[in-house]
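Below is a structure I'd like to ask you about.
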Amino acid sequence: MQFKSMVLSNVELSPGYFRMRMTAPQELLASSPGQFLMLRVVDAIDPLLRRPFGLFDVGLFTPEYAGCGAQCYAEILYKVVGKGTKLLSSLHHGDLVDLLSPLGRGFEIGPSGEEKILVGGGIGLAPLYYLAKELVKKGEKVRLFAGGRNRDDILCITEFERLGVETYVSTDDGTLGDQGLVTEVLERHLGSGMRIFSCGPTPMLKAVALLAQKHGVPCQVSMEAYMACGVGACLGCVMKGANHTDENPDYRCVCKDGPVFDSFELQWS
Amino acid sequence: MQKPDMSVEIAGIKMRNPVMTASGTFGYGSEFADYMNLESIGAMITKGLSLKPKAGNPTPRIVETPGGMLNAIGLQNVGIDAFISKKLPYLQNVDTPVIVNLYGNTLEEYGEVASRLDGQQGVAGLEVNISCPNVKQGGIVFGTDPQAAQEVVRLVRKNTSKPVIVKLSPNVTDVVLMAKACADAGADALSLINTLTGIAIDLDRRRPVLANITGGLSGPAIKPVALRMVWQVAKNVKLPIIGIGGIMNGRDALEFILAGATAIQVGTASFLDPSAAQRIAAEMEAYLAEKQIPSIASLIGALEA
Amino acid sequence: MQKPDMSVEIAGIKMRNPVMTASGTFGYGSEFADYMNLESIGAMITKGLSLKPKAGNPTPRIVETPGGMLNAIGLQNVGIDAFISKKLPYLQNVDTPVIVNLYGNTLEEYGEVASRLDGQQGVAGLEVNISCPNVKQGGIVFGTDPQAAQEVVRLVRKNTSKPVIVKLSPNVTDVVLMAKACADAGADALSLINTLTGIAIDLDRRRPVLANITGGLSGPAIKPVALRMVWQVAKNVKLPIIGIGGIMNGRDALEFILAGATAIQVGTASFLDPSAAQRIAAEMEAYLAEKQIPSIASLIGALEA
Amino acid sequence: MQFKSMVLSNVELSPGYFRMRMTAPQELLASSPGQFLMLRVVDAIDPLLRRPFGLFDVGLFTPEYAGCGAQCYAEILYKVVGKGTKLLSSLHHGDLVDLLSPLGRGFEIGPSGEEKILVGGGIGLAPLYYLAKELVKKGEKVRLFAGGRNRDDILCITEFERLGVETYVSTDDGTLGDQGLVTEVLERHLGSGMRIFSCGPTPMLKAVALLAQKHGVPCQVSMEAYMACGVGACLGCVMKGANHTDENPDYRCVCKDGPVFDSFELQWS
C-alpha cells in the first residue's frame, strides 16, 4: 500500500542512529514483523530512489497521541550512512514522507513452545523489536543476542527488556557486554527446541546460518540488497537461491520473496 | 468543457491514452496491480523476453546516480514458455493492450521469439529491443549498426503478423540513420530511447559499483538527450514514435508529445511512485482540460522549432 | 604523515595537482580571481578561441535540466587578436599553466589559430575542440567522424610545437575509435567528455527553451557516461587522459582518476561554487592524506575491473 | 564575495510574494542599489544552479537584533514562480544559504537636485527600495511609480512612504490605485530635470525607455536574464548592445555589465 505519513518524532538515540515515528493507516496493523517499507525522503530527484527500512514497530496510539488524526503509527530505527539517511535525519515533526508498506515476506513465527532466539548485528536489530513484541504477545519465551562494533552500536536494549526479553549484548571492543562476536555468545546458548530469527550484516548472517545448521536449529535471516522498485518488478535486488546455477537460474527477489528467508533457501558461498 | 480526447493509435494498437509502461520497469504488470488501476493507461510493455530463461547478471545490478540510476539486470527473464504459461494469462484478463518486449542473443533467436508470440491471444504487438550484443558476432550491439539492426527487423517482420515496434539505442552517432534503417526494414513504429551506457565507481573499494561494470543510465538525467533524439527522428522519419526517457510527470510527457511522439513510456518513475503511469495519464489530461485543448492528437509534433 | 604528492604531468605540462578548469566555464580566469586562488590549481583552460571574434548564439542560451544544464553559447569569443592583446597578459602573470581551447569553423581555421598561438609566451598547450560543425562541409561535426577529426589533429600538430590535447565528443557510437584516430594523428593527450546534445522544451509556449533549439548537456547528470568513456579510452589508448563530466567534489574527481584519467576538469561546478576548482583540489588531497596514499599517481587507472 | 548567511525571517507579504532577511558580512554595506546576489537554495543538484535576486535592502542591525552574531543584514523580495523560489519560500529562521554578492553594476544615482523617478513593475520593485533609501539619505526628492496586474502585485508601498517617497500606484484591473499601465501614469508626470530608474518585465522597461527618450529624460533599466555563473564567465546571460551586429558583435553580460544599463546602451527591438 502507498500512503503519505507525517513525521511525529525523529530522535538520535546514539551517534548516527535515529528512531523515527510516523503516522500510518490502520491497515498497517496487518503487517508482520520482518516486513519493510520504502520511504521517499524528498519529492525531488536527489536522492532519486526510495530507501528501504524494516518496520521497527507498528501500533495503535496511546490516547495522549490521539490528537494527531491517525490512530496508528509506524517506527523505523535507522543509521545515517549516506545522502538519503542524512536527509532523513533532518526531518522534523510535521514533515510528510511518502511510504510503501508493508512490503515483502516477514518472519515465520513457528510453533509455540520453542525458544525464540533473536540475533541482531548493529542496525540489524531494527526489525527484531517488532518481532519480539509479537512473540511476547503470544506468550513465547524470547532471547535477544545483540552485537555491534562498540557501545554506540547497541540500541534499545531496555525496550527489549521491558518486554521481558532476556538480552545478551556483545561488542567487538568490549565497551558494552561481552567482548567478541555475537555468534560466539550465541553458540554458547544454542540447543534444541530453539528457532533463530536473525538480521544484520551478511557475513554475520552467514555465520549464524552455519551455526544453526551445525546445531540443527531452524534459522531465518533478513537480507539487504540495493532496491529500486521494492515490488518485485525491476529484478535489481536478487540473490541466488540455494539451487541456483547459470543453466537453471534460481534468483530470489529480496524485496518480494524476502527480505526474510529460511537460511537454507539461499546460496551462502 | 467536455473531457479532452486522449486516445491515440500506434500501428493499429488503439490506446485510451498515450501512456505506456517501459519494459523492465513494470515487471509483468501484476506487480503494480495493488498500486494502480492497470486499465487506466494506454498500454503495458512487459520485461524483455528471450527464447530460453535468462539468469541475468550477478549483483549489484543497480545503483543510484545524480538524477538517475544505472541498471545492469542482464535481461533476466522467465523465457517464452513460462511467459506464455504463467504471465500471459493474467495479462489477457486486463483490458489494456499488452506489448511484448523481446530480444535475442543471436539474429535467429529474434525470429524464433517473434514467431512463437505470433499466434498468442492478448499480445497486441511486439517491441524489439536491439540494444543488446550479438553473442555470435563478438558482441557487437545490433542497435549500433544499421545493417545488423535491419537484419533483425526484417526477420522479426517476416515472423509476425503483429505490429512491430523497434526500440532504438541512444548510444549512437546518428540516431536518424538507425531510425531510417529500421523503417526501411519494415518497422511499424519506433520507440526511443533505451538507456545510455555508463558506469559508477565505488571510490573506497576502488571497484565499479555494478558487478557488470557498465550499466544503462535512466531517469530524469537523460531527458534532454531523449527529447533531442525524439525530435530529430520525428523530423526525419514518417513512422509513429514512442518517446521514452526520464518522464516523471504529465508535463514531461507532454514535452515528448510536442517533440513528435505519439505516445510515451514511463520507466524509472514507476520505481519512485508505483502509480506513476496512472498519475501521469491523469496529469496529461488535466493539462489539456485546463488549456482547453480538445485532443492530444493536436499536440503531436506541435513544437514550434 | 607528510603531504601527499598531488603533482601530475600531461604531455610535458607540469601541474601542481590534477585539477584544471573546463573551457567555457571559467572565462579567461580573471572572472574567478575574487573567489579563489588561481595558483592553487593544476591548470586553466580558456574559453574556446577562434580566428575571428564570434558573436555566438541568440538568447536564451542556457537552461537548467534535471541534475544538469544545457548551454548553447555558440562559442562566443573575442577572437585571437583580442585574446593575445587583452586576455593573455593577465594570464601570463598567474603562476599556473594556461591551456588555450581552440576551434575552427573550417579545417583551415584550426591550423591558423594553432600557428598564431604557437609563438605565444604563457600558452602551455592547446586543447582542440572538435565538437563543432564544419561550415564548409554541410555542418558535419569534425568530432563525430574519424577522418575529419584526424585531418584537424594533423593540421594543428603541424602548426604548433606546443602540446596538443584533443577534446572528444561523447555524441558518438564508438569513442575508442575516435580516440585512436586522434592518437594516430599525433595528439599528445585526450580530454573527454564534451557535452551531450540535448534539448529542453517550454511546454506552455510550445517552443524549445534555447534559441538555438539544441544545446550541450553538462553537470552531474552526465557523470556516469563520462566515467564510462574515460574508462573505455584509458583501456584502449596509451595517451594521457583528462577526465571531464559532472565533477562536483573531490570524490567525483578521484573516481575519474581511478577510471584512468591523469587529470580532471571542473566545469559546471564552477557556476554553483566559484571556488569549486580550488575546493576540489583540496578535497582530493585530503582524501589521499586520510587514506595515507602517498601520491595521486598511484591511483591513476587503479580501478579493479 | 562568497559567504554563508543565516535566514532570519522569511515572510509571505501577499499571495506568492515573500520578503526574506538574512545575515550578511559588513562588506556588503559597500554594495550599491541595483546590484544583486546569487543564492544557492540547497546544497544538492536539484535545483542545480544559483538563483539571482536583487538586493531589496542592506543595512546594520538595530540593536535588538544584535544577538545573532552578524552586525549586518541583507534582504530580498521575491515571487514564487518555480522550483527554486518554492523551495526558498520553505526556508525558516536558522537555515543557511550560500550567497554570492554584491554582483554586477548598480544604478548610477546621478547629480543631486534632479527628481529621481523610480518605476517598478510587479516584483521589479525589489531593487528600488534599496535605491530609494540611499537617495533619501542623500536628500534627493524621490517619486515611485509602482504597477502590477492586480492588488496582490503591489508590495511595500508603506515602506516607501515611510521613507518620504511620493508613491503612485496603478494596476491593470484597477483593484488598487489607478487602473491602467504604470507607463500611462508615468507619462502624465514626466518632465525635465528628472532621472528614471526602472525595473520590471522587459516589455515595460522598453515602454519606459521609449517614454524617457521621447521626453529627453535619462533612464536606467535593470534587466533580467537566465544566469549560470553570475560573474561574467559563462556568457549565458548576454543581451545585444545598441550597436550589435553579427559582424561586429556587441553582447553585454547582464550579470557583469548590468543588470543596470542606460536605456540607450541596449538594442530594444
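Think of it as A, B, C and D in the order they're written, each chain with its own count starting at 1.
Keep in mind that, in the parts below, a residue touches a chain if its C-beta (ideal position, glycine included) is under 8 Å from a C-beta of that chain, and two chains touch if they have at least 3 such contacts.
A quick note: this is a predicted structure, and the numbers were derived from the prediction, not measured.
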Legend entry - Common touching chains of subunit D and subunit A: B, C
Inset, instruction - Name, by label, each chain that touches both members of the pair subunit A and subunit C. - result: B, D
Inset, instruction - Please work out the Cα centroid separation of subunit C and subunit D, and write it as a whole number of Å. - result: 36
Inset, instruction - With chain centres taken as the means of their Cα atoms, state the distance from subunit B to subunit D in Å. - result: 47
Inset, instruction - Please list all residues of subunit C that touch 2 or more other chains. - result: 66-68, 219-220
Legend entry - Two or more partner chains touched - positions in subunit D: 45-46
Inset, instruction - Using the contact definition from the top, classify how the chains connect: line, ring, star, complete or other. - result: complete
Inset, instruction - Please name which positions on subunit A make contact with subunit B in the complex. - result: 1-2, 40, 45-50, 98, 100, 225-239, 244, 246, 249, 251, 256
Inset, instruction - Write out the stretch or stretches of subunit C touching subunit B in their complex. - result: 65-68, 70, 144, 171-174, 196-201, 203, 206-208, 213-215, 217, 219-225, 227-228, 231, 246, 251, 254-255, 258-259, 287, 302-305
Legend entry - subunit C-touching residues of subunit A, taken from the complex the two chains share: 45-46
Legend entry - subunit B residues touching subunit D - in the complex, by the definition given at the top: 66-67
Inset, instruction - Enumerate the contact residues on subunit B facing subunit A in the complex. - result: 24-27, 31-32, 34-35, 47, 53-56, 59-64, 66-69, 71, 73, 76, 219-220, 248, 268, 270-275
